[in-house]
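Can you read through this structure? Questions will come right after.
Letters A, B and C mark the chains in the order given here, with residues in each chain numbered from 1 onward.
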Amino acid sequence: MLRSQTKLLDLGRRQLPGLWGCLTKANISKLTMVEVDDKSGIATLTLNRPPVNSCNLELLLELNENIKQIECNKSRGLILTSSNDKVFSSGLDLNELYKPDQERLKAFWTALHEMWLSLYQCSIPTAAAINGHAIAVGCVLSAACEYRVMLPGFSIGIHATKFGYVVPHFIMISYLSVLPRRLVERALLQGKLFSTEEALQVNLVDEVAHSKAEALCKCAEFIDSFKQTQPAARALTKRQFRAPDVQVLIDDPEGQLRESLDYINKPSFQEGLGEYLRNLKAKDKH
Amino acid sequence: MLRSQTKLLDLGRRQLPGLWGCLTKANISKLTMVEVDDKSGIATLTLNRPPVNSCNLELLLELNENIKQIECNKSRGLILTSSNDKVFSSGLDLNELYKPDQERLKAFWTALHEMWLSLYQCSIPTAAAINGHAIAVGCVLSAACEYRVMLPGFSIGIHATKFGYVVPHFIMISYLSVLPRRLVERALLQGKLFSTEEALQVNLVDEVAHSKAEALCKCAEFIDSFKQTQPAARALTKRQFRAPDVQVLIDDPEGQLRESLDYINKPSFQEGLGEYLRNLKAKDKH
Amino acid sequence: MLRSQTKLLDLGRRQLPGLWGCLTKANISKLTMVEVDDKSGIATLTLNRPPVNSCNLELLLELNENIKQIECNKSRGLILTSSNDKVFSSGLDLNELYKPDQERLKAFWTALHEMWLSLYQCSIPTAAAINGHAIAVGCVLSAACEYRVMLPGFSIGIHATKFGYVVPHFIMISYLSVLPRRLVERALLQGKLFSTEEALQVNLVDEVAHSKAEALCKCAEFIDSFKQTQPAARALTKRQFRAPDVQVLIDDPEGQLRESLDYINKPSFQEGLGEYLRNLKAKDKH
């Protein structure tokens, strides 16, 4: 349905601002795809960075840019999904965090903040068609949307404590906006990954669909539930309702950035991350 | 039961303070009724402004006055209900908002703030017997009580986004005090009206009753659940528990007032409201 | 299982700091017991003040000291339980509140604050095996843990409004960290004691066990659920997540203390408490 009449917005190929001069053009191409259904007015934003949609600097910049563009283009809604039928997103690209170039790390984390703010405060209705595992920032992306439809057989959650990471304030907020406090604390501390069925039971996702097409359809139905509302009033209500959640990040972006970078640069975190990455590579070889 | 032995408090007929000199005596009579059951000590406050209990300035002033009076009179509890068997309250009287006299608009909105504070912080147990539709401020009145019993076949909710209105902070708070955050956001953004059954399912109402008498009875039972508590400790606990919710309105009443009035006076809002009212009148003719 | 290999930490017998010079050695012995399972690394902290584990100054000091000691000793988790098979804890020792020596009252309430902070912010996983009634501060102790397993046939809750007490901020927070806001307000105002079954239904407890051994086992299983997490990241995540809850008490301990002491010293509260205590004694005689 969503694909009947689409125009491909090649946002991925545009030249990014000079600040990111270190990036080559090749890096920034086609990490995402945007399709707008002319009939419904709904934009589908597809994560498309093989193999597992891990978020590196380039993907974050594209996401941020695309979300803003879709918002400006007066789309009626935004659906976030993945081109990979196993993984919605595996979270941050850990290579951005391991022995990082400090300038790039700063740009990376700033882009993460900005992308999250864009999605969390997006004025149009947003929904995630979670057609694969949604791990860590993959879960955060889903939680930042207003509605979630997930396919069975996958996992969703924030497992940061399992590799020694302490999630920043905005990630706690993201979970808290969806789950009751008691469950958020336990899930964060356990680094819990919910199965689709568990996620549905605690309302971390709103519906289960049995194919990507069905998931997209259910997301579109959710977006249609706003048909009789006035878009400007809806947008302002959402912004005001979510305002307390983003206040820390908006009031003190530098402080929040410094806190995260300090944590990432700690020798103990770097050591743990190094071992984690070595284990991953060893697994890949076998 | 509640009506067995009652004395009618003719608060509606009292002279209101000089500030409201523009009001005629006729306007301010019998918009509400108060009955106190001598045996149970429970006061029933009945909304009585035909045709649909829409809240104009006079009704708000009476409600505020009555709530305070009932509280002072050492009633054991307050039950809010309607004399209309179809509509609990349709919300604000939109005529107060359309092309308003600025002085009256200011008095109107101030009265709304004060009435809500009186009800939300009322020291005695409060319950709503929702014997008809409870729309917008009708829902807010119900949510400000400690307990809600609703008759089947009606609707309850805040549909502000449907006519282009952005609800102020205290109305968001009102919803948040009853529903989980995830549902509040969705309901506010969709302008959702819950059926009695839906409202029961999400705990927006606590019980369903099949007649007004049964609803009043269940409300009285709830008030009886405080029989073994010390009223002063109960009152102070309620006040302290709800204190964070009213802080914005108490700390900055002028700011909150200005924000609401500015929004109401916006040409875009006035135009939308005008069209909405013309459509209503057209419907009435047919 | 937990008792297979244990060493008894005789924390109860140590000399407490000079500040509490008024306490005799006899007073401070064996009010609690600590057993550490060498195999699992889990510490079990047992309330042991007959007849009903009511919290007096000495018990609070011991609890605080034990919690800190267990945390420092790198135990893998802490289970709180009772040596009494009918009462987990009856709450505060009301004799500490009635016609109090002001110095001792101040020490008592300060110890309550500090014990709560120690338990609520304890860096290792905490669980309560509630093998009897958990009333007032008995409920608060349970709620401060991360997990609760309760035996059937008992009551849990905060019944302060029933004897005229207004609970301070940290006790409201304790309830709010576990139950939805709507239920917290009602339970606090009604002074509700939940049966085990009711407590399970609203998630005030997480599981029901049919013996103390089974309860301890389920608590240990909960603690095991953190096996794959990094303890330092877990600890810091817990601390940051719970930080907003303790802020009032940490920012203004003197103010919170004064507010509580002022309330306790009120003639009206003292009179009510005196009557309550006389009734209790009269009951005991019959």
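Keep in mind that, in the parts below, a residue touches a chain if its C-beta (ideal position, glycine included) is under 8 Å from a C-beta of that chain, and two chains touch if they have at least 3 such contacts.
A quick note: this is a predicted structure, and the numbers were derived from the prediction, not measured.
Least-squares overlay of CA atoms from subunit B onto subunit C yields a rotation of 120° to the nearest 5.
For the pair subunit A and subunit C, the fraction of shared interface numbers is less than half, so the two copies use mostly different residues to meet.
Per-chain Cα centroids separate subunit A from subunit C by 40 Å. Residue positions of subunit A with contacts to 2 or more other chains are 180. Contacts from subunit B toward subunit C in the complex involve residues 125, 146-147, 176-180, 203, 225-226, 228-230, 232-234, 236-238, 240-242. Every residue of subunit A that touches subunit C in the complex is listed here, in rising order: 160-167, 169, 172, 180-182, 184-186, 188-191, 268, 272.
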